[in-house]
Structures are given as structure tokens and as C-alpha cells.
Amino acid sequence: MLDKNGIATRIAQEVQDGQYVNLGIGIPTLVANHIPNGMNVEFQSENGILGMGPFPFEGSEDADLINAGKQTITALPGAVYFDSATSFAMIRGRHVQLTVLGAMEVSSTGDIANWKIPGKMVKGMGGAMDLVASADNIVVAMMHTNRAGESKLLPQCSLPLTGVACVKRVVTNLAVIDIKDGAFHLVERAPGVSVEDIKSATAGKLIIPDSVPEMNL
Amino acid sequence: MLDKNGIATRIAQEVQDGQYVNLGIGIPTLVANHIPNGMNVEFQSENGILGMGPFPFEGSEDADLINAGKQTITALPGAVYFDSATSFAMIRGRHVQLTVLGAMEVSSTGDIANWKIPGKMVKGMGGAMDLVASADNIVVAMMHTNRAGESKLLPQCSLPLTGVACVKRVVTNLAVIDIKDGAFHLVERAPGVSVEDIKSATAGKLIIPDSVPEMNL
Amino acid sequence: MAISKLVSGVETACMGVEDGMTFMLGGFGLCGIPENCIEELVRLGVKDVTCISNNAGVDNFGLGRLLQGHQIRKMISSYVGENDEFERQMLSGELEVDLIPQGSLAERCRAGGAGIPAFYTPAGFGTEVAEGKEVRDFDGKPHILESALTSDFAFVKAWRGDEAGNLVFKATARNFNPMMAMAGKITVAEVEELVPLGTLDPNEIHTPGIFVQRIFQGDSYEKRIEQRTVRPLNN
Amino acid sequence: MAISKLVSGVETACMGVEDGMTFMLGGFGLCGIPENCIEELVRLGVKDVTCISNNAGVDNFGLGRLLQGHQIRKMISSYVGENDEFERQMLSGELEVDLIPQGSLAERCRAGGAGIPAFYTPAGFGTEVAEGKEVRDFDGKPHILESALTSDFAFVKAWRGDEAGNLVFKATARNFNPMMAMAGKITVAEVEELVPLGTLDPNEIHTPGIFVQRIFQGDSYEKRIEQRTVRPLNN
């Protein structure tokens, strides 16, 4: 079973040379730490930077330079700052090629819910609805089950949706799962996790091929 | 009767302190030369400058700094350059308060035609359709009659329209005329021009008040 | 000659604000917010206002200051996750909240300033956001119709500005400020540094002065950081 | 690490252009046009192309060069008044022409790049431009629905650029270049000066590199002036 950094490590393998990538808050943010040296990738943060670098050294934080998670960051050579309309022009116009974001629920038809629990928690969708409606390639990073042990991979989402039929791949602490033709398709197992473990943690229809390789981390 | 510079002189009186003004090609361009010193006015040219100054001194022309008439210009202190989308955001969003442009025909309902003579001349509308559809205050600068001596102030335009019900005031070589309630309203006579001269040169319905003052130039 | 927008300070800049008005406020989180104007709105005690702002500040800073005094009737935002008092007022029904996708919020403000009354976007199709909105397919993909946003006052914060109202923002403090500057009937800009006319390179201005009605030199900027994340120096 | 868009020159930059494609070309009049790319398109002899460009050049320069060789099947422009050969081809029916308001042209290109499939504008209502287009009232005022424009290639010309594709334009040579850069499937940028990565201030970039697929150092810029208007020196 993977921890959050393990999930991020596996997702880093989805990133291809030459891609512009938007990483959501939480586990997705960690993905940046696992990109191989020398790979040409630029991170976009929807609050208005392309070419986001690592956290600043202690003492050189700049309140005017943050990412979408409101964390202090740095800018790499070649970085650009822009306004929010231009930022979402990049996203909506499909110039950002890969989006990684967290989810509370994902359905076997590719729906995603991650912004609201009615009556309990309302943080807002931020840029997530624009991102999932636009990116060609959307990967969800999340734990396979919630704190109550219930599956987050469902036949249908029970929470208010963020987007419909948009998620292509889910990477969890247990597995890599693709979504197509209305079903979850098991692609890889996390180290030490059995197909049976994954099956019992997945509420939606799960297609299991004859051979399910273990992740190569 | 006024010449082109006379028309421009009269139109300059329409400009108020603190206004952003767009001047079209031809007579309107001359208006800038007649703004009183000390009046705070900024000229916008739709190709991407606010704070347009006079023509450059001989030898300091810059091919990268032109107005919408493709003439070399200068920029005043406080000027800004911007792209065409931003330029028309200023226009369409009614941030430019006064538009002065030429016309081939104007109707007594405020329609204007100035971009096309079917089968003969097609230069294109440029920014004129955006300007007349948006500005709160649109003043037309033109000769009262065309080269054939026919009135350009008509009951209805015969040429393809640039905009409908948008022109508020027309300044010609003969008169200042307002447009409201489907008629032309004579406001001022050019020096040495009689009401009868104006009446005979105006094809559309013309309302003539008891007293028609001469322009104060 | 340039049209001067310079006013003496925050009090003059905020003259004319009234109960029940709609305000836009620039900023993302606490980054790039108009600190001086917010404090003035608190001081003026203006009530029942609608605030259009990507976020709602934190409990005791930014728009959280207006929430504390129950000055806000309605919030139009995309993300409000850092504010307990906000969540309490919203869940109790004291505060009306319209949550909209961040990109749609940005584009709706720009549209309001640019004379575009409405546009189609794929964001929010199939979600609560699409309820009551027209849906139309383009290239086989469903989009929803979103309308322009404007405001009685827009309050923005820039790094540098001149008396013509030209503004330059710093780094990611730019965010929503330029679009909101376009969409305010009266746009008030507070700047960290007011520079003489002609100092700003006309090629490098982010918000042309035509969009700004009042500008003043702000002071006492706290520029609070929400998430101070750093690398150790010996790394 | 930044994604490099640098190619060796105009020949590599224009690789893949084909007969029948749609091109966008930046510039207003002859100001800010991609001179090197236009010459390469002439050299390649690509035919039956649709060109989206505010103007059509003059008889022997700019897009006029492509018109001379009858390479253009259709022009989408707002103003074409400085080109006799253009007018001849259009009136004779050899050339298809779609004339659209300048602001709508700019906004349609931006929309194409920004994933906005359509928007409403008041420009052109009641004119030929509105024929066949949906009309809808907003705030009691009629607007027409305009759709996004995109292209197979967009050719833009910048003042400075870096290998990440970041662009800075000079003065009014900016014009349509930024929006067309957004709307090209492949956007080719030619620059007067290619500068090392990290030289451009990230705060002062007009077109972020994400919109540019290929960039090269142009040469032999003529930068012809259409209307040389001056004041005498002794004024």
C-alpha cells in the first residue's frame, strides 16, 4: 500500500517530456518533487504563474509569489506571471496538457466530486471545474477509501459533481485504475496489494485483466 | 461654409475635459489639433495606444508606433500600449467616451453607412462597427453632400450599414445637426450658410427651430 | 495631456460607497488584496453589500474583516475554504453565497469590462453551477452560458501606478485585479508605490489608466502570508 | 526546467504547412507582421490557404506577396483598403473575402485560444455582418453571437523572445499578435531579438510561452512604413 508520497511518485510517471502540468492542492502538489531531473516540464498554477519552482529558502519568502494552494513558492528561469483570465484561457483552451487533482469520489463513468458536502463542508470549487471540463488528460490522485473505510470509486457519485465524464485515470494508495466504457479497469497494483484487496475496496464495476502487474516505482 | 479643418475645429468643442476619445481616419484625425491647451483629454487609437501624441519630428519615425490610419505617431507621458482585444474591450465596454468618425451616409434615425459601396469599393469596416455599436456619444464628421452634390443626410441609408440608431450628432461643412425622434434637428449654421442652404442640402426630414445660431468658432 | 485620477487618500477614494452596493475586490487568498480599501469599508460600516472576490479572506484579515462585522449580505466567490466565520454564516443562512468556477469568475469580470454580455464555457456543465443556465453544444461538447459581472465599485491593489491610473502588478499578486479594474463602474486602485507620470514604460503596463477612476498611495501594507512554505537554508 | 521551443530558422519553423490550411498572421497594416514567415510561405508556394489577418498588406509587401502569387483562396479581415490587387481579386470573385468588425476579429481569436466557443457582441447588429447569426437582447440592447476562430498555424512577430517561447512586443506592433498566438494549433513566433532564458522579466511578458510552439530569430526586417507623417524639425 502506498502513502501520499508513493501516490505522487507513481503519478510522476504519467508526466511526459514537454508537458505543461497543473497540480491541484494536496497529494498532487507532491508530484513536482518526483519529476526526473532533466525532464522538460512546466508547472502552471492557476492563480497566475507558469514555470513554478520549489519552495523558497527560509527568509526569502515573498507574499506576492504564491501558488494556488496559497503556499509561498519560487519562479524558475523562463517563468511568466499573468492574470486569472489569461490563466484560465490556458486551461480552458487546452494549452495545459495534464491536470492532476484530488477527489472525494470518482464514478465508473468518469464523473468527479471534490468540492462540497451538502450541509457540512463548502469550500468551493476553485479552479477545479474549469480544469476538469477542459484538460485532455485528467488524473485523479486520492486514497482508495475514505476515513470511514468506504470506497471512493463508485458506480455513481453521491456528492455534488465537479465534472462529468472527464476522469481518465485514478491513482490511489492501492492501484492504478483507468476509466472507460462505463467501468473501472485495473491497470496496476500497489506493492504488496492483492487484486482481491482492490476489488473489495472498489464499489463501482471493476474490470480485472488476467494479469495485473505491480507498480514499478 | 467650412473646410475640413473648420469641421474639425467645431467638433473639438464637443470634447470635454477628462474624456477618452477615439478619432477615425480623415477629418476626425484633425480634431486632435484643435483641442485647447491644458484640457485633459486622451486619444485612443484602436490599433493599441492610449495617450497618442502628435506626429514625430522628421527622422524619429518608428515603424512600430502608428495609429489606426497607419500614420507614424508619438506617445505622450502616461501613454500605454496594448493588444487589439484589450483595445476593443475599452471600446465595447464603453470606457472610450466619445467617438468621432466619417460617414458616406447618415439617416434621420441615426443609422450610419461608411464601409462599402457594393460592386465598387470594399475597404472593410475596420473598427467602425465596434465603435458605433458601443460608444455612448458618437459624432459624425463629414461633408454635407457627396461629390455628385447629393445629400448625405437621408431618410434612410442606401448603402450597407455600419450601425443602426447610433449617431447622435453630425457636424458638416454646413451645419451642426442632432438626430432624435427619427428626424434631423438643425442646431447651428456654419458661418455664411443660410438655413435655406442647409434645408436644400438635407434629404431627410429636417426640424428647424425658430432661431438657428451661427457656429462660434 | 493625461487625465488625472489621483485622489488624496483612501477616504476620498472610497467616497460614494453605499449600503446595498456591489463591490469587486481583487486578490487571490490574501495575495494582492486592497488592504487599505477593505479597512476603510470596515470603518465606514457600509452594510448589506455584495462582494465579488475569489476568496473571502481569513477570519481576521482581508474580507474576513467585513464578515466579522456582518457587513456582507452576499458573496460571489470560487473558493472560501480558509474562513471559519464564513462557513458558519453560510451554513446558518446568514450569508448568501454564490460559488462559481474560478475561470468563469475571471472571464465574467473581464466580459463585464469588455462589453461582452455573455459567453459559453464548458466549465460547470453537469453540475450545480449549470442549474438554470442555457446549455448548448459546440463541436459536440456541451457548454453553459455565463453572463458578465460588473460592480458599483471595484477595489484593486497594484504594485506601482501613476496619476493617469496606469497600473503594474507584482508576480502572482496580479490575479483578479486587472479584470475587476475593467468591470467596476468606479474602479479604485491603491498602490504600493505611486510614480511620476512617464516613469512606467508604456509597453509594460498591465492595466491601462482608462479602466481606473481613482488612484491613491496606500500605506501600512501587512501582506500577510497564508501558507509559509520554505526549504531549509542548508539544503 | 523550461520547455524549449527554439528551432533553427524559418524553414524549420514553417515545416508542416500544407495547401488548404488556415493561417493566422499578426500585424496591423504592415506594423508587427511576421515578415520572415510570409516570405517563406511565398517560397514554399503553399496554395488555397485561408488567411486570418486584420489587413491584407500592400501590393508588394506583407500579405500582398501571397496575393500576387494567387496563394490565398479566402481572406478573413476587417480592413483591406490599401491593396489594389486585393480589391481586383475580390471584385472579380477570384478571392473569397469575409470582412468582420475589428473588435470581433480580435475577440474571436482570443476566444479560440481561450476555449470560449462563442460570445455575444453588439458590434455589427443590423448590418450585413449579422446575417445568419443569432440575435439576442441583453439589457434591452441587441447583440449577435460570434464564434471562436482557430487556425492550423499562427504566425506572429515579436520584439523579444526566449527559448521558452515567451514574447514581448514593441509599442503598437503588439496589436493582433498575442491573440493569434493563443489561437494557433501550431504557433510560430519570429523575433527581432532572441534573448537567453531568464532575461525577460516574468512580470513583463506579453505572451506566455505556453501559447508558442516554435520560435526563431528572424532577420532582414524591412519594417516598412505605410504613412510616414512627421512634424518639421524646426517646429
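Each chain gets a letter, A, B, C and D, in the order it is written, and its residues are counted from 1.
Rule of thumb we're sticking to: contacts are C-beta pairs under 8 Å (C-beta built on N, C-alpha and C of every residue); 3 or more make two chains touch, one makes a residue touch a chain.
Given the structure is predicted, the values throughout are model-derived calculations rather than measurements.
Enquirer: Please tell me whether B-D or B-C has the greater number of C-beta pairs in contact.
Expert: B-D
Enquirer: Let me check something: if the centre of a chain is the mean of its CA atoms, which chain is farthest from chain C?
Expert: B
Enquirer: Using mean CA coordinates as chain centres, what's the chain A-chain B distance in Å?
Expert: Between these chains, centre-to-centre, one finds 55 Å.
Enquirer: Nearest whole angstrom, what separates the Cα centre of chain B from the Cα centre of chain D?
Expert: From the centre of chain B to the centre of chain D is 28 Å.
Enquirer: Would you kindly tell me how far, in whole Å, the mean C-alpha position of chain D lies from that of chain C?
Expert: Averaging C-alpha atoms per chain gives centres 32 Å apart.
Enquirer: At what distance in angstrom does the C-alpha mean of chain C lie from that of chain B?
Expert: Their C-alpha centroids are separated by 36 Å.
Enquirer: Got the chain A residues that touch at least 2 other chains?
Expert: Correct list: 49, 75, 81-82, 85, 88, 91-92, 134.
Enquirer: Among the residues of chain D, which ones contact at least 2 other chains?
Expert: Where chain D meets two or more other chains at a single residue, that happens at 107, 110, 114-116, 121-122, 169-171, 202-203.
Enquirer: Which of the chains are touching one another, listed as pairs?
Expert: Result of the pairwise touch check is A-C, A-D, B-C, B-D, C-D.
Enquirer: Over in the complex, which chain B residues touch chain C? Could you list them?
Expert: 18-20, 38-42, 44, 49-51, 75-82, 85-86, 88-96, 134
Enquirer: Quick one: in the complex, what on chain D touches chain B?
Expert: It is residues 28-32, 54, 77-82, 87, 90-91, 97, 99-107, 109-110, 121-129, 159, 169-179, 206, 223-233, 235 of chain D that touch chain B.
Enquirer: Which residues, counting only chain D, touch chain A once they are in their complex?
Expert: Answer in residue numbers: 1-4, 110, 112-116, 162-164, 166, 182, 197-198, 202-203, 205, 208-211.
Enquirer: Quick one: which bits of chain C touch chain D in the complex? Just the residue numbers, please.
Expert: Where chain C meets chain D, its residues are 107, 111, 114-122, 138-139, 143, 147, 168-171, 202-204.
Enquirer: Which stretch or stretches of chain A touch chain C in the complex?
Expert: 45-49, 54-59, 61-73, 75, 81-85, 87-88, 91-92, 111, 115-116, 119, 121-130, 133-134, 160-165
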